[in-house]
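After this come two complexes, each holding chain A, first together with chain B and then together with chain C.
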Partner chain A sequence: MLNALQMFLNKFINNIFNKKKHIKLGLYGPPNAGKTTLANRICQDWLGEDMGVASNVPHETREIQIKEQVNIKSGNKEISFNLVDTPGIATRIDYEDFLKVGIKEKEAKKRAKDATKGVIDSIKWLDEVDSVVVVLDSTKDPYSQVNITIIGNLVARDIPVLVVGNKVDLKRAKLKKVKAAFPQYEVIGISAKKGNNIDDFYETLFKVVK
Partner chain B sequence: MLTLQIVPYSEIDGLSSLGRIRKLLNMAKENKVVLLHGRLRKEEEAELIKVTMEEINKEFRGIELAVMNPMENSGALTGFEKVKSTVVNALLGDRQGLTLVGPANIVKKVKKDPKKLQFMIEESKKKVIRKRKRK
Partner chain C sequence: MPHQCVRCNTFYEDGAEEILKGCKCGAKLFFYIRKDRLKKVKEETVNLTEKEKKEIEKDVIGMVGGDMPKEKPIVLDLESIKIRKPGQYDLDLVKLFKGEPLIFKLEEGKYVIDIPESFKKLKK
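Let's look at the complex of A and B:
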């Protein structure tokens, strides 16, 4: 009995004095912006392994994926976080869009159903993350309402935001347009697939994640 | 026929967050394109997307949403413009701007830049629906 009480007290004291802050870093954005590709890039760089499956089909990630204890170093600084890759947020999901990319009807319907759940989970997780990297496809219109709603919600929750214009390796990328759309935020252009500007991304991440 | 319903802010002013979302979504589900004079709060926009996802089915494929917010690029303003926009925002709040909500089967795409809002209507799909109904 006394031993049990002593163990409980030790655990309680350890919890108070060794309390570690676990930052949850969320990757948010519309479908097909390259969130999972960036998550894989971060995990490959610092853990030597992939996090999820990336593809050209929208809504490939339909469940929240978490990689725990990712440590990033830049100069003398180091941050440790749990990386949260979220399904892309959309306002419309039509199973017929999946048929167009060669997915069979039954699978397309299932994918659409799972994708709606994924969007709901992503929105719910806005209350769980501590800092967010918003991943946008810099070849697409940055003024899309989904982008503005995501960023607006993060600001309303006082969550630090880093905006990433992904796919800058593509000729039709317009990073200037992304920067013009979000002048009040730190915007960094990268190619998660090719690794362009990734060091700058890590450096900026240190400034944003507090 | 496309129905465009213009909703003054006073229609949603006294409603709860859920009430506002329900009102806009119900109209979109009746295949109406809704133009709200004013804006939802940011949390309500996210909630609108969440509730929309919960209600997607064979007939209802989601919505197109676009908000014109004159305060959106206030970070780029300087000096007097910033003070002016802060005062206007304090007085009018969410009454400023426009919100467009349309059913995804009718509104194909919304094109937005800070100064204009354009929405493209899905013409071909409407014809397909009519043809299916005739059968």
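Let's look at the complex of A and C:
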């Protein structure tokens, strides 16, 4: 009884004095856009540790990864959030694509199965997240079914969205094309790998998740 | 529009008694296909070996952690995930995002439905 009363009081006091936001921030996007690289960048910047393994092989992340209690600051503002890195969303997953990068057939089929389950889980997790960063590869055509379906659904669910055009350090990156494809959203160009424009990314994130 | 028995692949026209009572082979699961897709469907079914069919079924049941429906006849014309061959998946993102029941198409005529997941959606 005493414990319950104490918990109630703590919650009450926290509500009054603790203005710090706590949200669940999801990283969504097609495979190989750099979601895990960005998650690692955020975790390195604010926690000093990596979140997951990033690679050039599509569908490297096949399970939802969560990093709790990441606090980011911009000026005198602070947000505390749980960072949710999701498997890449795709319309077609084919084990033969994995054979091309040297993965053996049995493992490739398992990877395809796990990646398919990963897509389902990513979509289910949309019910849990408060804000979403959509990570797109700015060297690729932004008008894909995956990109449009993801962003369209986030809007329909009234989830705040920040679109990130990743890989701007590459010569073939076309950030303007990404901006033109999603004119009604905040689109920010970054290189999660090299760290280009990351401070702008954090500033914009504050605007979007408010 | 034809319906095809899952077990013996017999086709029945709309309104056939067997669709309501069950196929003459005893199976009660049918699928529904558009006529224009019928020819393609038959080709696809032939292309899979028994080993591949079993492999696909095992993969999907592993994914949803459930059993194939056995009792009542079920007719389906929507699937959120189609499996062309073991390890090759086509995902209908629009259906998945809409939260429609998770239906895996193993081959023409055979589906796995993630029933616990579908019930969760109904409760909401």
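One rule holds in what follows: the second predicted complex is superposed on the first by the 188 of 210 C-alpha atoms of A that agree within 3 Å, B and C clash if a C-alpha of one lies under 4 Å from a C-alpha of the other, contacts with A are read in each partner's own complex, and residues count from 1 in each chain.
Keep in mind that, in the parts below, contacts are C-beta pairs under 8 Å (C-beta built on N, C-alpha and C of every residue); 3 or more make two chains touch, one makes a residue touch a chain.
Fair warning: this is a prediction, and the values are worked out from it, not measured in the lab.
Look at chain A after the overlay: chain B and chain C clash there. Using the contact criterion defined above for the overlaid structures, shared-chain residue A:Ala108 touches chain C, although it does not reach chain B. By the touch criterion defined above, A:Val119 reaches both chain B and chain C.
In the superposed pair of complexes, A:Lys193 makes contact with neither chain B nor chain C.
By the touch criterion defined above, A:Lys174 reaches neither chain B nor chain C. Of the two partner chains, neither chain B nor chain C is touched by A:Lys24. Look at A:Thr91: by the touch rule set out above, it reaches both chain B and chain C.
More residues of chain A lie in touch with B than with the remaining chain of the pair chain B and chain C. According to the touch criterion, the shared surface of chain A, contacted by chain B in one complex and chain C in the other, consists of residues 89-94, 112, 116-117, 119-120, 123, 126, 145-146, 149, 153. Against chain A, the residues of chain B that register as touching in their complex are 41-43, 45-47, 49-50, 52-54, 56, 61-67, 72-73, 75-76, 104, 110-114.
Listed in rising order, the residues of chain C touching chain A in the complex are 59, 62-63, 81, 86-94, 96-97, 102. On chain A, the positions that touch chain B within their shared complex are 89-94, 112, 116-117, 119-120, 123-124, 126, 141, 143-146, 148-150, 152-153, 155-156, 183-184. Across the interface of their complex, chain C is touched by residues 89-96, 108-109, 112-113, 116-117, 119-120, 123, 126, 145-146, 149, 153 of chain A.
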